[in-house]
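Across the two complexes that follow, subunit A remains constant while its partner is subunit B and subsequently subunit C.
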Partner chain A sequence: MYGWMGTILRVNLSTGAITKEKLDENLARDYIGARGLASKTLYDELPPRTDPFDPANLLIFAAGPLTGTAATSASRYNVVTKSPLTGAIAASNSGGYLPAEIRYAGYDMIIVEGRSEEPVYLWIKDDQVEIRSAKAMWGKGTRETDALIRDETDDEAKIISIGIAGEKLVRFAGVINDRERAAGRSGVGAVMGSKNLKAVAVRGTGGIKIKDGAAFREAVLRNLAKIKSGPVTGEGLPTYGTAILVNVINSHGILPTNNFQLGEFAGAEAISGETLTRDLLVRNRGCLACPIGCGRVTEINWEGNRERGEGPEYESIWALGAACGISDLELITKVNFLCNEYGMDPITLGATVACAMELFAEGVLTVEETGMPLHFGDGQGLLELTRKTAMREGFGDVLAEGSARLAEKYGRPELSMSSKKQEYPAYDPRGSQGIGLGYATSNRGGCHVRGYTIGAEIVAAAVDPLTSAGKAKLLIDVQDFTCVVDSVGMCLFTTFSLGVDDVLPLLNAATGVDYTTESLLQAGERIWNLERLFNLREGLGREDDSLAPRLLQEPLPAGPAKGNVVELESMLNEYYQLRGWDNEGRPTGEKLQALGLG
Partner chain B sequence: MTRQAAGLVHLELAGVTVADVLQRLLASNPELKSHLFDGGRLRPDICILVNGRNIRYLDGEATPLDDDDTITIFRQVAGGAP
Partner chain C sequence: MSRTLVIDPKLCTGCRLCELVCSFKKTETYNPARARIRTIVMEDEIAFVPMTCWQCEEPVCQEVCPTGAIGRDAATDAVLISLERCIGCKMCMMVCPFGNIQSNGAKEPVVKCDLCGGEPECVLFCPTKALQYLPADKFTLARKKRIAEKFRSILEEVEW
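Here is the complex of A and B:
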């Protein structure tokens, strides 16, 4: 095959069986790779209603047909499984160098099934695959694990690992690759921990076969020029990283503050990208073949020591900052470093602590439960609870379940700012209607990267953020295209400068498949619908395509979006209609037939 | 970006409309002209907010101003985390 490596590696940790399977060409064409192909595998192989921590759950590491090629910013892979946080499909995305290494070793996907009796790691060196003991790494952080495994294998190996949070089955544990890059959301690291799989180490020395080298090169250079000349990809992200959004979003009055009670944060300037660049930035860091280089290497003074790491990104700054009313950027950065070390999603952590802070303010939680006072703005409290959550110690054991289970446990479920039990990211949808519909319909629960309408509503200001008209169509277009981008293995950031007609020639030249604009977007639509079918089979439905009551019933109290709530019902009805779904959100037979899913 | 070019964060300027304020801004900071305008027209990648609302959805540069209104100017250089 061209573009695709043509081989799937399957490892059963219960039996120790290691097998290699041929990739089906028709499936590859229809589901592209990465998110799409792995979701198809999960849908076909996972028995319905399987508990996410059951050994039968699959954990799939999947790259796309452009991952590791010279295509600009094509350095991504997806980690796909059934989520222990949401009960829905999880597809968590990360970049770096590891994703390409999977392909250079000869594989499009690594499927892990079963559960090992003892802690283990996988060592993959091209076609040689071993299951090795990870007893020496169990209990260690992700950085130390990375170093120990490279010592045991190959210093050039690229590592995926979990930290303490994954071992302890924190429901929002992520996996870390390349020491600092995270497939952070939906608890994929907890599934890895449930399998006693501490790490996957990969060293690949092969290449990727491209069907039409000249056409591919031409498309790469054309896209590279667009990326470099685009204001976001050529200037904004390289210069300031994602944190530049703090002031922009706060200016629009939609930086959620104190658990979404407010849309403006008085401490925004102190936690802004400009402040981070001035005070903490050491240098930029990019993923493989990426000219954007949005990663931030930062350094802080902490208890007399200089500590260096990566981040925090915009979403983490918000969750650990404004969401909790905290404006100490060094402390936020320290907590972000800890999240990487423990392998824990900082968005859900911050949002869960914010929920606990509101429960405390309401008098629902007391010091008796929490072990400490827990007020908005309490950075030291956040720091202490970060460690306790990762370790599942004391009140941290409750926080480790996420905000939906926390709020439910104390009889105030409406105070969890989540959809499908996954916490929202850093945009108050009362002032950006499209992202509200996006949170509600996201197949993996509250999330901004399934359908980033913020690009059109705020960044480019192409549509009025306060109106709901036209947002269903906008969101569907973004969701379907995002499925394509995630599945070919490119970074979502490229979409600030590239469209489907820029991805198309790359994919066709690499694979030799004659996709058209329509068939490629239809593949994206097929993937979205397949994820939907997975969730429907798991028992999710229209009632789960909802938002926290606050966003529907409590108008924003101040700022540009003052007085607004999310107009969800009308947008959702239109969304279902445009998707070709019935009133309960089920794809019609006609739609399934058209997508080849019937 | 504009903040960087101007070397300042906050300014107080008088004006009846956004256009008036922009004129006064450029009078005191002429180096900003190329950042904000292209051939006499506001560059398409410049966002101007009045109290957090983009002027594209108000009356553009003719948007009227009241005392204590806040104008925010930035370029479309921002993007969230993937």
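Here is the complex of A and C:
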């Protein structure tokens, strides 16, 4: 095969069986790779209503047919499983070097099933695959695990690992690769922990074959020029990283503050990309083949020590900052470093602490439960709770369940700022209607990277963010195209400068398949509908395509978006109709037929 | 005047696009393990240094080669290995003080950067200009100017 490696590696941790399977060409064409192909595998193989922590749950590491090539920012893979946070499908995306290494070793996907009796890690050296004891790494942080495993295997190996949060089944534990990159959301790291799988180490020395090398090279050069000349990808992200958004979003009055009580944060400047660049930035870092280099190598002085790491990204700065009313950027960076070390999603962590802070302010939570006063703005409290949550110590054991279960437990479910039990990211949808519909319909729960309408509504200011008109159509287009980008293995950030017609020639030249613009976008639509079918089968439905009551009922109190709520009902009806779904959000037979899902 | 492949690690973001396009040009596959250029990643410092043949003025690889397989390209000044003459003894690899001659298990016994005949693929694709192919004096003049500007601006602030 060209583009695809053509082989899937399957490891059963219960039996120790290691098998290699041929990739089905038709499936590859229809589901592309990465997010698409792994979702198809999960849908076909996972028995309905399986508990996410049951050994029968699958954990799939899947790269795309462009991952590891020179295609701009084609560094990505997806970690796909049934989420212990949401009960829905989880597909967490990460870059770095590791995803490409899976392909150089000869595989498009690694499927892990079962559960080991003892902690283990996988060692994949090209076609040689071993299950090894990870007793020496259990309880260690992700950085130390990375170093220990490279000592035992190959200094060139690239490592996926979980930290203590994954081991302790924190419902929003992530999977870390290359020490600093995270497939962060939806608790994929907890599933890895439930399988007693501490790490996967990969070293690959093979190459990726391209069907039409000259055409591929030309397409890469064209896209490279577009990325370099695009204002966001060539200037904004390289200069300030994703944190450039702090001031932008705050100026639109939609930087959610104090658990979404406000849309403007007085401390925004102190936690902005400009401040980060001035005070903490050491240098930029790019994932494999990435001309953008939005990664931030940062350094802080912490208790007399210089600590160097990566991040924080915009979403983390917001969750650990504005969401909790905290404006100490050095502390936020420290907590972000800890999240990488513990393998824990900083978005859900920050949002869950913010929820606890509001419960505390309401008097629902008291020092008796939390063990400490917990006011908005309390950075030291956040720091302490980060550790306790990862370790499931004291009140941290409650926070480790996420904000939906926290708020439910204390009888105030409406104070969890989440959809499908996954916390929202850093945009108040009352001032950007499309992203509100996006949060409600996202197949993995509250999330910005399933349908980033913020690009059109705010960043490019191509449409009015305050109107709900036309947003269903906008969102559907973005969701389907995002499925394509995630499935080929490119980074979503390239879409600030590239469109489907820039991805198309790369994919065709690499694979030799004759996709058209229409058939490629239809593959995206197929993937979206398949994820939806998975969720429907798990018992989710229209009532889960909702938003926290605050966003529907309480108008934003101040700022440019003052007075607005999310007009969800009308957008949702239109969305279902345009999607070809019935009133309950189920794809119609006709739609399934058209997509080859019937 | 001949040009030099100039590496500025300060500008490198570690994207390794150089390795990818190098391997593709030389092997028709994307395979960093077979690239002639290699970005060294320093994990703790999180720093990146691309490394490839410096095309030495007095190459020890050329000196040690028992069959005279190593010579200099008249047009580019690149140090080249002639596959016809090479017997695969790998002594050149062993004497290169920089580790920039590789044996990677492929059909050629040893490989090194040949500057792509004067159009280095890595330079064409490098997104940050950490790799440039310049007349040597142009590079040194650019650096002189950069430092001179810093020198000047600090001097202006200082009271003597």
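A few points about this structure:
Throughout what follows, the second predicted complex is superposed on the first by the 598 of 598 C-alpha atoms of A that agree within 3 Å, B and C clash if a C-alpha of one lies under 4 Å from a C-alpha of the other, contacts with A are read in each partner's own complex, and residues count from 1 in each chain.
As a convention for this text, a contact is a pair of C-beta atoms (placed from the backbone, for glycine too) under 8 Å apart; a residue touches a chain by one contact, two chains touch by 3 or more.
Note that the structure is a prediction, hence the values are computed from the model and not measured.
Touch criterion met: A:496 reaches subunit B, while subunit C stays clear of it.
By the touch criterion defined above, A:521 reaches neither subunit B nor subunit C.
After overlaying the two complexes on the shared chain, residue contacts for A:289 are found with subunit C alone; subunit B is out of touch.
In the superposition on chain A, A:456 contacts neither subunit B nor subunit C. Overlap of the subunit B and subunit C contact sets on subunit A: empty, with no shared residue.
Touching subunit B in their complex are the following residues of subunit A: 93, 95, 231-233, 235-237, 239-240, 242, 244-245, 247-248, 251-253, 274, 313-316, 425-427, 448-449, 452, 454-455, 459-461, 464-466, 491-493, 496, 559-561.
Within the complex formed with subunit A, the subunit B residues making contact are 1, 3, 45, 47, 49, 51-54, 56-57, 72, 74-82.
For subunit C in complex with subunit A, the residues that touch the partner chain are 10, 13-17, 20-21, 23-24, 27-34, 43-47, 105, 124-125, 127-128. In the complex of the two chains, the subunit A residues touching subunit C come out as 68-70, 97, 104, 147, 179-180, 204-210, 213, 217, 220-221, 224, 227-228, 282-291, 293, 295, 297, 308-310.
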